[in-house]
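Chain naming follows the written order as A, B and C, and within any one chain the residues start at number 1.
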């Protein structure tokens, strides 16, 4: 695809350009909703509607009042704070446990590897509504099953608590970490750890000084997926959380249900800006790691 | 043949085995924290939920005596049960009313038979005012000992009395337990309620020797059957009793039968009337829609993945942002945006009318139907197709295509015979991912699906949050989960679960 | 490395510590659950703010009323009820009462007397539809229409919904059998008092579905309260059912080209319940709040912010002007005599029985 050779036939030329047009249309499809969200977030009315004033580019049809609402409304601010309190902790939990397990899974002799992998990936494949209700029931009354004894009821409840939501979101984020980190480890040269051990480094030093820098891109992208999972998750938090854990998606969901207000779109626009920034960071990290590994970008 | 020894003098084989074992243990030790975490925070909740699809203790817990008495009743007799069952029902109902569990059972059974809810609610309200007070009065009038709570307590801890009037003793125990648990009172200071005297009367009539002899022959018997029928004539309805009997066991397959549009009848599964069949249609629809969404994703995702895999890295990564951006924009917001785009007075229809493709009165119906669900869900899931496809395509050396062409293949043949087969694992990975994710969605179909574009998950959500029929929700969920697990297994067989890549 | 270990250790400690603390309920705080949006806002202004000022109790708002029934049941199973007062519609209150999840209330001893000296039970009258339910507002489900899309003759009665010849275009109806079945029968010639008797029979249900069939292709079904106002604002529907307060806001506050019908409005109630199983001091505080929030003046105050009728008869004369717009609110109340000429009474007991069955049939009908 890299350029059209000078000897290409007319048919090839036509195909080459029409293929690009098709791809352009698909890219357009991908970002079309975003193209709607951004202008509507500046709507002067309280509806998701392109008003005649907006279409005529009349400044009266536009306003930043929904942005003001977001920054001044205590509900939105609480939701933002909660999202920022929940998502990073859930991410740290799933990244730390997930990376450890991914390293374990990538060793050459792991008993029951497939079964373990299936269990670890299960949060991604179980439909969310089932996970949400299951967690809801169980977190209300957590217990530990002990063989030949029965249920050991735990003396606390997790529904409606901060840690309940964090645990649930961490569980949902784990498959993404496992998948990305194991994928990075496939290309990891195990002789590097042996070399490090040979030179007297303990397993912990080896991990942090040798292995970690190399698998970092996988860990980071897994972490970002986990972060977004938590940050954009509404079904589980609606069930497991309570008012004190109201996150941004929760606020958006009740907003859409109770009172449509383009504040939701203003929030989305801000988040889009943040995502773009995050994606650039990710891209920078990737390039850096390629340099570190000595793979030059083609 | 001498044994090969390791450096420490042990046999090499044993030493190697030991090393292997250590390695395995180390691997397991690394995995263990996460495995335990997932088991506790995720797998157990799911298991706990699935259990609700068969659990049915509420009937036998609330109406234990009635359930037992009903064992002898044959529903095919065409007659409502006799006095004995109503006697048992009276005691159960009187107790359940205090625990406020009768209405809960009513709503449980109302899922199976319309009208039970109000039948139980009404009967609960009236059961304390039944005419059985004549029995209590008769006993108290005959001997004041029967009006003395302390005397009752003494009798009921005397084994000979208990052996003489076992039913009364058991009824008294249940009453005493209720007094302690609900009213926080001391049973030795409270006079037993009418239903305890009723039990005593019944045993006296049957010839049991009472703690203090009383002649009950002069007491006009009260028909509890009539009392209940007076509250509501539905107590003579065979269906009510049949439903109680069918749902008496502690475990039931009723919820599962219900989730495949069957009905648990006296002789096993029966078909539901046609006007109530929804779930099979919904399951099939969920499958077909998910397949369509998957197909759309392949169709749209393949060219994009191909383009990204064959562009220079820097360009590809920039375009990749276009793929990931919607992925990271709130699902709720994207769905609302699709509403704005797709509705009849929406952006797309406006544009089509403006360029004259459709007439103003012939605007396309793009939302609140299956089209709406497919468009919005394809958009939401497309990145899940593109990313695995892209990571597989990156591994296909472009030289293969050039080699095929230099050997005389046309562009099409080279693609179809050489490139495409190598990209199949990516298609497989993307398809299964998209399919699995899509059959579990419910918010997007709820918002844009109208009536025909909703999935089985929407019904699960409804039964969880509105109708409170958690057993049915769990059964529907279990079936859905079984389907997903089956697909997961197939996927693991065909592609291998470690081959999923998310653009890392 | 050391820092990482320290970090992990600290987070483990915090984890256990906060789990241990999770049970403790802040002493002077109560969680009140409601619907969110403009409705919660009106409660905040009319009830919460004066109550917090008077007592120093801090009120936390939870906007979970839509999931209240399910969540209360799970809380009850877990034996850990975190909500103190919950705003629900009457049918949910009946269900919660049936399930033993809400506390029974004696209006005369536990609620305030009316300003006019009437007993609470008389002041609320028929609106006390369940032993657990403390009525707050009367709202109605009614129909709004686009004034610019209905032609020269604006609709005047409910059956306009079914008249696709006179009013072509889409209409929005709620995605549940309640209200729609009743309206269908009313518009198919069934007398108002006979509706539920007819609906009880298979033939009656078939009749209602047959009537709904005539407009099935023209209906957009809504499930969130915010849907119909948005659809009307977009001109996506020519008319649609929604709550009268939403239409008030659409017409008077947002100035959209919309008007509303009061014909055959279906009255419904919304009010408080107190969850069963609270500790005595929390229960006492919840009762204290509810007593305050449902007295004559407070109920009348709420109507300054939203167009729903106060549930007490004694509040009606106190209904004043809208807080921002300054218009008289009384003519916008569903209970206003001019608006209540032809109303339809929603039968709670009946729906408690038939809801599961008719809902299954309704869903089956929808998916055909």
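Here is the rule we go by: contacts are C-beta pairs under 8 Å (C-beta built on N, C-alpha and C of every residue); 3 or more make two chains touch, one makes a residue touch a chain.
If you're wondering where the values come from, they're calculated on a predicted model, not measured in any experiment.
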{"item": "Central chain (distance from its CA mean to the mean of all protein CA atoms)", "value": "B"}
{"item": "Chain pair with more C-beta contacts, A-B versus B-C", "value": "A-B"}
{"item": "Approximate Å spacing (C-alpha centroids) for the pair subunit A, subunit C", "value": "36"}
{"item": "Distance between chain centroids, defined by C-alpha means - subunit A, subunit B (Å)", "value": "28"}
{"item": "Subunit C, residues touching no fewer than two other chains", "value": "66-67, 234"}
{"item": "Subunit A: positions in contact with at least two other chains", "value": "48-49, 136-137, 256"}
{"item": "Subunit B: positions in contact with at least two other chains", "value": "464"}
{"item": "Complex contact set, residues of subunit A against subunit C", "value": "45-49, 89, 92, 96, 136-137, 140-141, 155-163, 204-205, 208, 238-239, 242-244, 246, 254-260"}
{"item": "Of all residues in subunit C, those that touch subunit A in their complex", "value": "1, 8, 11, 15, 18-20, 22-23, 31, 33, 35-40, 60-64, 66-67, 71, 74-75, 77-80, 82, 224-226, 229-230, 233-234, 254"}
{"item": "List of subunit B residues in touch with subunit C within their complex", "value": "99-101, 103-104, 106-107, 110-111, 114-118, 121, 274-278, 281-282, 285, 343-346, 368, 446, 450-452, 454, 459, 464-469"}
{"item": "In the complex, subunit A residues that touch subunit B", "value": "1-2, 12, 15, 19, 22-23, 26-27, 29-34, 36-37, 40, 48-50, 97-98, 100-101, 103-105, 107-111, 114, 116-131, 133-139, 144-145, 167-168, 170-171, 174, 176, 179-184, 186, 217-218, 221-222, 225, 228, 232, 234-235, 248-249, 252-253, 256, 264-265, 267-268, 271-272, 275-276, 278-280, 283, 286, 297-298"}
{"item": "Residue ranges of subunit C touching subunit B (in the complex, touch as defined)", "value": "66-67, 69-70, 73, 95, 97-100, 170, 175, 220-221, 223, 234-236, 349, 352-357, 359-361, 363-367"}
